[in-house]
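Next come two complexes, and both contain chain A; in the first it sits with chain B, in the second with chain C.
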Partner chain A sequence: MSVAADTPAATGRSPSRTRRRFAAAEAYAYLAPGIAIVALVMLVPLAVGISFSFQNYVIFRPMSRGWNGVENYLELWTDRTFWLALANTARWTFWSVAFQLGLGLGLALILNRPFPGRAVFQSLVFLPWAVPTFLSGLNWQWLFNPIVSPLPGWLTAVGVLEEPRNILSDPDLALYGPITAMIWWGIPFFAITLLAALRSIPQDLYEAASIDGASPWQSFRHITVPFLMPMITITILLRTVWVANSPDLIFVMTEGGPANSSQTLPNYVFTSAYKSMDFGYASALATVLMAMLVIYSILLLFVRGRLGQ
Partner chain B sequence: MKSITGAALWLVRLAYLAFALFPLFWLIRISLTPDDLLYSEGTTIWPSSLTLANFAYVIEESPFPVFFGNTVIVSLGTAAAVTVLAAGIGYAFSRFEFAGKRTLMVFLVITQLFPLVMVITPLYQLLAPIGLVNTRIGLIVVFTAFNLPFAAFLMHSFYEGIPRELEQAAMIDGCTRFQALIRIILPLMLPGIGATLGFVFTAAWSELLFSLMLITSETKKTFAVGLLSFVGKSGVDWGQMMAAATLALIPPAIFFTFIQKYLVGGLTAGAVKA
Partner chain C sequence: MAEVSLRQVVKRYGGFQAVHDFDLDIAHEEFVVFVGPSGCGKSTTLRMIAGLEDISGGEIQIGDRVVNDLPPRERNISMVFQNYALYPHMTVRQNQGFGLRMAGRPKDEIEKKVNRASGLLGLKDFLSRRPAALSGGQRQRVAMGRAIVRDPDVFLFDEPLSNLDAKLRGQMRTEIKKLHEKVRTTVIYVTHDQVEAMTLADRIVVMRDGRIEQVGTPDEVFHAPASRFVAGFIGSPPMNLIDARTVASDDGVAVSVPGGPTLPLDQSVFDHVGPDRPVTLGLRPESIAPERMAGPMKTPFSFSADITLVEPLGGEALLFLQMGQAEVTARVFRPSTRLVPEKSVPFLTDLAEMHLFDADTGVRLNAKTAHES
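Let's turn to the complex of A and B:
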């Protein structure tokens, strides 16, 4: 808001400059309240959080609190759960986003062509996204439970399981439970953004292509894909970061278990902070996660820039 | 040939529909099943008789109505606050050129990279001295900040779909810019406002971890926290649990069904300009 307060002082300048300054002041007036709250509630705690990562800070041991340099980071280096959680985070994010993208693109293509009942169909297939995340987690946790759900029986019938049992209590399979829930919940988001992108492709391009004798596949390859690419990269970027950062489904469905087999970094951060009350170590974990996501995003945007040329 | 691809397409459509709806169908099916049938009949697609006893219990005897009310207050408060603030940010980004615009836009994108789990404890320490811990207002403030960046870009995309000439004409006729925004632009923005409200309402309704950390008293718990502690208790009652879950599903499902087509429309409008 300080910019707005400056403007009367600027009246002595040349008129166009004054007008520009006034426009800027007006823009800041529309922006300031929102930006201020984001900065206060996200940026300030983030900086404080990063500073925790260089401290010995366990709530139960207030007397031993103090700066300890990179000790938390060294501890992390030798922590086997950290490396396991890191590998799981990569698996969890990759499979979730890959299936959401594939199935979401398929759904967007289906919804882009008219068919009887399309409006109703669209509101029904988008419904999972309206389901609160914790509820998606509980819902799928129950679906994997052979006592109340036919799903384990069906998985046995098609040969995925040898007997109807709960995959969430199997260390080898537990992570696929939350992955399934995440795919189910996230398909609509991809479908919505990609459908919006599909609708913005000029239709006369397709007409021109078909007059020139292009096959449907060629039209898809040379018109649809290039037009969708910017939206696909930005959606992948957003979803990857959201999925990688989100502990909810895993916290609700497996709590990272059994025996850390489905532990991911955000869930490890949350349990370190919330259960062990080790804020220093939790912050170091979170800082590493954030650093990796920043590097990932820069790489993805760089690749996108290269492809765009 | 044409009828075969037609049939195949319908098969794919039905597969999508089944995958999307089966979990929800199952939730409702169990919530309507009498307790004894759950074990005697096993997991048949439809039980031989139905009951509303689980819903009656949840509504009349459990604390869920209180949790439900709290979540409505928090979600509506957040949705309203975010929409007003995002209307401001989106408008500034869409209609003004000013120093620092790019930086601010990049800043809002970068906030999406923050692992929110990281800010839980610092946030607790910042909110505690000003009395915002264990209050619904505190949750509204926190959720508003978290949801604002995406909502701002959503609103921006909707503004881009509205011609600038409209408010320029109004300003030539003597309106101030703010009057033009309120009287001319915002009425045209109703689909965008609706989409943003619905999007944020749904997101706030879903939030679990911050509510878990920031709310301690039973009377201020949100639905997510209440349901999770209900599930954590020993001797779970499947029917009651799923009845509670079904109730939690209704508001966001209604909200979302109304707004989803505006969401697609708004993103399309933004994509055309971009």
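Let's turn to the complex of A and C:
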């Protein structure tokens, strides 16, 4: 035992401590380039953007630029369009993600069973994902146009519309045009990720369950769903942030109109910045959107952690 | 009560026939082992009984029901899988109670049955753990617990021990045997390990290329193998199978090993075997020994051979000897002296334990003996 007590630490000599400190510093030195790049391309623009939101910064009036405290946020509080855009963002995101999840899961379950021609069908299913959003926006805009497309007529025939007209020009329905396009475009993403998760479920668990007397529905409920849950939450998280932040389909199909009825926050940010040229106000809008998405993500990750236990 | 009967059961995958006209009757509470090399159709047959594979022809009956078209969940069977197939997101308790829960049984009944099974299998301390936190042997126990809890008509085991290391495999084998003493149920057990088959089975079904080679008690398949294949498959080290030829001799017919001894045939056993016929001579390693350490034999026959290699195993030793052109293994229990390779050693073998097979068909040529019924 006396040999063990004779180590440098026990005898109070210090080289090991300096060496430890140096080792810690060494790790940070290796990390430094990565941190520097992240800071440069993400943190700095973020800080600049947030700082804009506390400034009076309108491109047309360069002379009046300057700090104005929380004035932009106060303006936002009383801005009816902001509240409308916020409600629309929630509607847009919720319906898009909900249907993408439901239909994507259904598609993944179908594609997980062998049937003739599955390989071809599978690649066709994933095609929308490859179409640029801009193009699919234009296509769907045409599809909702009663003059060139049969779709409004069909919607009338099944009783959704009372007459074949363009829902994109109806303030009450305009947002559902881009939502439909978004659902169509986003299903493959859910289908791909959920199909991958489905394929990772060991087949013999289903065999064990069927021998244990589980019906197909019980197998789905007690084996498939628990296995898919982590993937579902992370995909919902990703897609929510993605969909909530994406202005392109709405911009192409309705430009937020008619009369702001399909305006969402990202669109409103874009309009404020590049049409009204009010960078200060646009930055305040963007900061609020970001803050809400951060809170949402934290909540969802918390829920996921609880589920994983 | 659950007898299991298979009548002319056939399995085809496209043009490939995996199981040919399988006929078997399994009695209530019988422990039957399907054994054979991989690809012999034993697992496929088990999965057809379970309902995990459709049958292409024939009829399967469990108890008094024909189950051909019933899904697994309606057959009232349990199965233990090779890789356990435990539900990783459920605790040991939930895993075992899953079947009862799916059947909508009351909570206290599930609790009672899970506790009973866990007691039998020594799982009480692990009930709230997940499978990932268990060792291989413990997982296998949970899989068995899950099977017991449901009180099935038939237990199916699909190579349950092949993922375990050798020592644990031996222990679990004993436990399965004890378990069958406590929980009397019909068991069908699939393995490629003939030791498991010999130790566990009431009856062994030896399979090869989708066909049954022999059905019999462990004693029968060991002492009276129906074919050269069974003879070589059952027993460790395997039976010596020597290409030989029958010849006419002074008192009838004898078997001549090329370049080696000529062994007389007992005419009461081999009266239908004529001279000048290619045969395979089968001698168990246990029935060959050097003359100076041989035990009592019914019909001893002595010959001389060279010992080429010795593998001492402590309580016993394996001798490799050259019998004419054939290399033959002998198994000597408690060798009294140190054995070393040497030339022209006098050996004894017991002609009463001699097996003879047709060289072309591999069919056993011995007439019926006491071991055969």
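The rule is simple: the second predicted complex is superposed on the first by the 269 of 309 C-alpha atoms of A that agree within 3 Å, B and C clash if a C-alpha of one lies under 4 Å from a C-alpha of the other, contacts with A are read in each partner's own complex, and residues count from 1 in each chain.
Keep in mind that, in the parts below, a contact is a pair of C-beta atoms (placed from the backbone, for glycine too) under 8 Å apart; a residue touches a chain by one contact, two chains touch by 3 or more.
A quick note: this is a predicted structure, and the numbers were derived from the prediction, not measured.
Once both complexes are superposed on chain A, the partners chain B and chain C fit side by side without clashing. Of the two partner chains, chain B is the only one touched by A:L135; chain C is not. Of the two partner chains placed by the overlay, neither chain B nor chain C lies in contact with A:L84.
Look at A:L228: by the touch rule set out above, it reaches neither chain B nor chain C.
If you count the residues of chain A touched by chain B and by chain C, you find the higher number for B.
Contact with chain B, but none with chain C, is seen for A:F52 once the two complexes are overlaid on the shared chain. Contacts of A:I250 after superposition on the shared chain: neither chain B nor chain C is touched.
Contacts of A:V241 after superposition on the shared chain: chain B is touched, whereas chain C is not. Between chain B and chain C in the chain A overlay, the least Cα distance found is 12 Å. Within the complex, the chain C residues that touch chain A are 50-52, 71-73, 77-79, 81, 83, 85-87, 89, 98-99, 102-103, 146, 150. Residues 9, 12-13, 16-17, 19-21, 23-24, 26-27, 30, 38, 43-45, 85-86, 88-89, 91-93, 95-99, 101, 104, 107-108, 110-123, 125-126, 141-142, 144-146, 148-149, 152, 177, 202, 205-206, 208-209, 212-213, 223-224, 227-228, 231, 238, 241-242, 245, 248-249, 252-253, 255-257, 260-261, 263-268, 270-272 of chain B are the ones that touch chain A when the two sit in their complex. Of all the residues in chain A, the ones that touch chain B in their complex are 23-24, 26-28, 30-31, 33-35, 37-38, 40-46, 48-50, 52, 103, 106-107, 110, 115, 119, 121-136, 138-140, 142-143, 146-150, 153, 184, 187, 192-193, 195-197, 199-200, 231, 238, 241-242, 245, 247-248, 251-252, 265-266, 269-270, 273-274, 279, 282-283, 286-287, 289-290, 293-294, 297.
Taken together, the chain A residues at the contact with chain C in this complex read 202, 204-205, 207-215, 218, 222-223, 226-227.
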